[in-house]
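Look at the two complexes coming up: subunit A is in both, with subunit B in one and subunit C in the other.
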Partner chain A sequence: MGMFKTTEKLEEVLGGFFKLMADTPVIADKLLKSKLVIRFSYTDPDLVVVVDCSGEKIDVRPHDTDSKAIVEMSMSSDIAHRFWFGMVNLTKALTRKEMIAKGPIPKVLKLLPAIKPSYAMYPKYLDENGFEQYNITKAYKPPTA
Partner chain B sequence: MLPEFFEFYNPTKVVYEDGVATDLKPELDIIGIKKYFIVSDQIINDLGLIKKVTDGLVEAGYEVTGQYTDVKQDARLNDVQTCTDQIKSSGAEGIISIGGGSVIDTAKASNILFSEGGDLVDDYSGAHTLTRPLKPHVVIPTTAGTGSEVTMVAVIYDEENKEKLAFVDKFLLPNLAVLDPQMTISLPPKMTAATGMDALTHAIEAYVGTQASPVSDSFAVGAIELIMKNLVNATKNGDDVEARGAMQIASTMAGISFSHSMVGCVHGMAHATGGLYRVPHGVANGIFLPYGMEYNFEEIKEKLTRLAPAMGEDASGLSDDEAAKLVIEAVRKLSRKLNELDALPLRLRDVGVPEDGLAAIAEGALNDGTSFYNPREMDEEELLPFIQKAY
Partner chain C sequence: MGGYAGQILYIDLSSGRIEKKPLDMNFARKYIGGLGFGTQIYLDLIKDNPEFDALSEDNPFVLMTGPLTGLKMDGVARWAVGTKSPLTGFWGDANVGGYFGARLKFAGYDGIVITGKAEKPSYIFINDDVVEIRDAQKYWGKDIYETTDELSADLKSESAKPGQVVCIGPAGEQLITFASIINNKRHAAGRTGMGAVWGSKNLKAIYASGSGNIEISDPDKLKVLKEELKTVYEESIFIDAIHASGTPAHLDVGIISGDIPIKNWQMTEWDDIDDIGPGSIEDKIFAGHKTCYGCSVACKKDAEVKDGPYKMDKGPSPEYETVGTFGTMCLNKNIESIAKANDICNRYGIDTITCGATIAFAIDCFENGLINETDTEGIKLTWGNSEAIVEMCEKIAKKEGFGALLAEGSAKAALKIGKNASDFLTTVKGLEAPMHDPRNAHGYGLAYGISPRGACHEASLDFPVEGGSMYIPEIEELAVDIEEMSSDGKAILNVACQDYGMFFSSCAIFCNLGATPLNATQALSMVNYVTGFDYTLEEIINIGKRVWYLKRGLTNFFGARAKDDMLPKRLMTEMKDGPTEGSVPDMEKMLSEFYELRGFNKDGVPKKEVLEGIGLTTLAGLIYNN
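Moving on to the complex of A and B:
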């Protein structure tokens, strides 16, 4: 069993964070330049989220399984969660198939410096939005929901 | 200091012998199939190298079901589809690629479609998208630089969208790499020098890269030593079998190294220069290598000092700064020797790069996937002066 017990909770936490990043110019401006459409497919629990950077604003679309994505990233929800803390070595995760990336990998790698500020934002976001139990930079407490 | 994590995986069997490409029966018998399709290019065909190999195959009881010799510079998406169609209709059970990086990468990508079907870009571009081994692939390199015979990467140019697509997968590693110096004897001096500098760049960037490990380091250092001792001879005396052989082995060792620890800003600048001004990859790497090392100097100097013996330099008694500079100077000395043989340009201005195009190279290098693995965080403004020096 992963850290998130339900798809709803995962969507609430990660979906909310994606929307926060979309509204954060220091990150969003660089993502928009990439024009990428990325589909994240999470397992345990399952959730699909499309982050569409092809327009004037970043569009975050949970449950979008139909749009044509340029990049498809598949991983467990726990790996995704740890990634946003900056705790996942991308090369290692790809090598060990903890993440599978379909599409133009160099374009994905290029985004990594752009999303670096998010690693500091994520624990703060969790604490400020009632998701403290998911903040693994603090002493771990079992989630209640 | 040990890395937090590393993986070493190289199932490719490597055989080396002068003339071995014409006598592959013992290796092919182990693979266990009988029908092979040849992937190559027109130059290799004209040189008679394909015939040498296929004569040996037929004599050993193997069937050559056909050959595709239309691979062009930069492996291209359309060629992959055509090549795959021919492999399938020929009734082959496996592939033998004979050539340089473009040929080998075309064969790797064709093998994906040959083995799995589907759409190459939609289904397989990216990292580790394959789920099972492909059909057997034997590689006979005819240059000593690319290292593709032992890497899990294929780079294919999509002409329609004008972009290079990367396929990274353990299942792309060939079954067998055949290193036969006879296959590189006819390589002209300029190609010898450029591909050799490509191999040196692979080894040095792998050695100082962020994903380096003690295992990848050992291959990198071995490659560097062989290149420093043999590249000038291989360029000067194309018939020097020992130098040719050493360069092939070095190229393969460098390939094993960078397949695990990646490459950095030198490749980023070379990719940009190749894309913008069609400068051959090895030439661009050769020009940029010392400047890239200088760009990364503070981050890599301690490790560079340890390369001095492999570079043929005595750094005893020198400070880290002095020893690292000695190593960079050794690269420059090698380049100058190759330049004196009229085999390697030293400056961007000598290969048709316009001065007002240097900023675009810096921008391209930043946007290249290799920037992620460079030991120093890359910054366009900070990189540009080094590109200007290379001009």
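Moving on to the complex of A and C:
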């Protein structure tokens, strides 16, 4: 069993974070320039989220299995969660097939510097939105009873 | 037997004697090729007269191909050179791609052993059976591009097949201790000053042309393997990335983990990184894809700057390491200026890592008041001053003014600058560290420390394995889950990366970029199908181990001790923020474990019985009887 017990909770946490990034100009402006449509397929628990950067605003669409994506990324929800803390060695994860990517990957790699600020945002987002138990950074202190 | 050309050339420049010695297949089986051959031959040549300066005629030079060099397959175009380094004073070697290795084998030779010193500037002409030492005075003083073009044109009519030139530029002639030798204007044996050794021997170039081919022992099995590898390569994200953007693709990935040294290793984050990243390279200087012999990966790129102060004709584009040393290390966000500095280095023939890192060191000295504009003859060596960086690069290449001091490398320059200049050094054993930060992956620190040639990410496979681009599930130590920012388990990881790495990138000689997707089974099968040998994984690891001890032992014999295995202060300083915040390799722990695993004494030298136990009795005698 992964860190997230249900698809609903995963969608709430990660889907919410994607929407926060979509509303953060320093990140969103660069993502929009890429015009990419990326489908993330998570397992354990399962969830599909499309992040559509092809329009004027980033559109985050959970459960969208129909629309055509330019890039497909598959991974466990735990790997995805750790990624947003900056704790995943992306090269290693891709080499060891912990992440599977299909599509114009060099274009995706070029987005990495753009999303770098999100690593600092994620733990803060978790703490501020009632998801403290998912904050795995060393700075996190679980609330005492 | 397949794979081998069957002869090694021995050329003594002092006497003019040229010998073609048949390759002994027992020797081939025992050492595989590349620096497996080269280190053993080198040891045999120096054992009776082991005390010499790197730039003396007594220093032999070996140039070796591997059994796969010259085959039309991905990631096997490489060849290797080795000798005592004039930069470090220890064993030095470099591994290079391009086309020369293939041509040398087509001419019928697996390698060249060069001894002595020519009376006047000379080049070696090879066209199948014809091997001659010729006058090179016409080419002396000319840069790499001019020499390559002119020699190729002048010799075209003398060989049925097109030849390949490998040469030195003015930097090698002037004995700049980080001079490189370069094939086809872009493929550089860059590190540790191999070009200066050629300069000291009055050797300007080698031209090789051949009409032969390379036999494959089991072509049917190789064909099946090549089919299997098609899928492996198609699925490799790493290959996809370096095909699209070349090695600078790492700028996008490395900035996430804190792998990229910035401001002479004082920062790991920089808002301007995109200005010199793959996107900017594509937009501003990209001018086409290039490759090495037989390789479809095509990770080499051309660049062109059409106008402005950094105008340069279409030519080799800067690699990741070069963008790092002339870019991030100097806080230089002008990609055109980096392309220009790369162009200068290629034309004069100098190592871009040492050159750029030495300029970053000099900027640190300038900014901290250790040197001033009087010293630099008016050049304001400040962070991000693109114009000054390019100007100083040219002065180094020409050995002019303050550039002449920096042309000795940063370690020697620090001694002359004095005060606390050594605080700004990034060298191990006198070699400037490459652009991968051990604070992001502690095993890199150990790899830099114990590398026989000095701080180097290519001296073993630790960088691709710990960094994640390579996965070798057949070797237990390389298949474990690695925690990068920890020093636990890194000694045993490094040992395994050295032993397998010596087979992979020094002996066989696979490319650490184009052959990255291969696992051990595939790499080993390729060697067996080509050569007809029946190596086992255990056997090649033992061969690799022996080569590693031989390189390390030569470096020890030339004077390196435990103190030379330490990282400089700059690489050991804790970052206060960013991805590597608070992370510093525990060198004491890793070195202690490593010495134990390798059977070293406290001085950092392999024990006599350890060397004798793996058949290096001659080396043991040299180290312990001198």
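One rule holds in what follows: the second predicted complex is superposed on the first by the 137 of 145 C-alpha atoms of A that agree within 3 Å, B and C clash if a C-alpha of one lies under 4 Å from a C-alpha of the other, contacts with A are read in each partner's own complex, and residues count from 1 in each chain.
Here is the rule we use: a residue touches a chain if its C-beta (ideal position, glycine included) is under 8 Å from a C-beta of that chain, and two chains touch if they have at least 3 such contacts.
Just so you know, these numbers come straight off a predicted model, no measurement behind them.
Enquirer: Using the superposition on subunit A, tell me whether subunit B and subunit C clash or fit.
Expert: clash
Enquirer: State whether A:Arg96 touches subunit B only (first), subunit C only (second), both chains, or neither.
Expert: Both partners, subunit B and subunit C.
Enquirer: Check the residue A:Ile105 against both partner chains and state whether it touches subunit B (first), subunit C (second), both, or neither.
Expert: Both partners.
Enquirer: On the A-aligned overlay, A:Gly86 touches which partner chain: subunit B = first, subunit C = second, or both, or neither?
Expert: After superposing on A, A:Gly86 lies in contact with subunit C but is clear of subunit B.
Enquirer: Now for A:Pro113: first (subunit B), second (subunit C), both, or neither, which partner does it touch?
Expert: After superposition on chain A, A:Pro113 lies in contact with both partners, subunit B and subunit C.
Enquirer: With the two complexes overlaid, spot the stretch of subunit B among 42-50, 60-68, 78-86 or 294-302 whose C-alpha atoms clash with subunit C.
Expert: That would be 294-302, the one stretch with clashes.
Enquirer: From the superposed pair, tell me which subunit A residues show up as contacts to subunit B and also as contacts to subunit C.
Expert: 89, 91-92, 94-96, 101, 105-106, 109-110, 112-113
Enquirer: Applying the document's contact rule, which stretches of subunit A touch subunit B when the two form their complex?
Expert: 71-72, 89, 91-92, 94-97, 100-107, 109-110, 112-113
Enquirer: Spell out the residues on subunit B that touch subunit A in their complex, using ranges where they run on.
Expert: Going through subunit B, the ones touching subunit A are 4-5, 7, 123-129, 163, 165-166, 168, 211, 262, 367-369, 371-373, 377.
Enquirer: Which subunit A residues qualify as touching subunit C in the complex?
Expert: Touching subunit C from subunit A are residues 86, 89-96, 101, 105-106, 109-113, 116, 119.
Enquirer: Can you list the subunit C residues touching subunit A in their complex?
Expert: My answer: residues 237-238, 240-241, 244-245, 249, 252-253, 255-257, 269, 273-274, 277-279, 467-471, 482, 484, 579.
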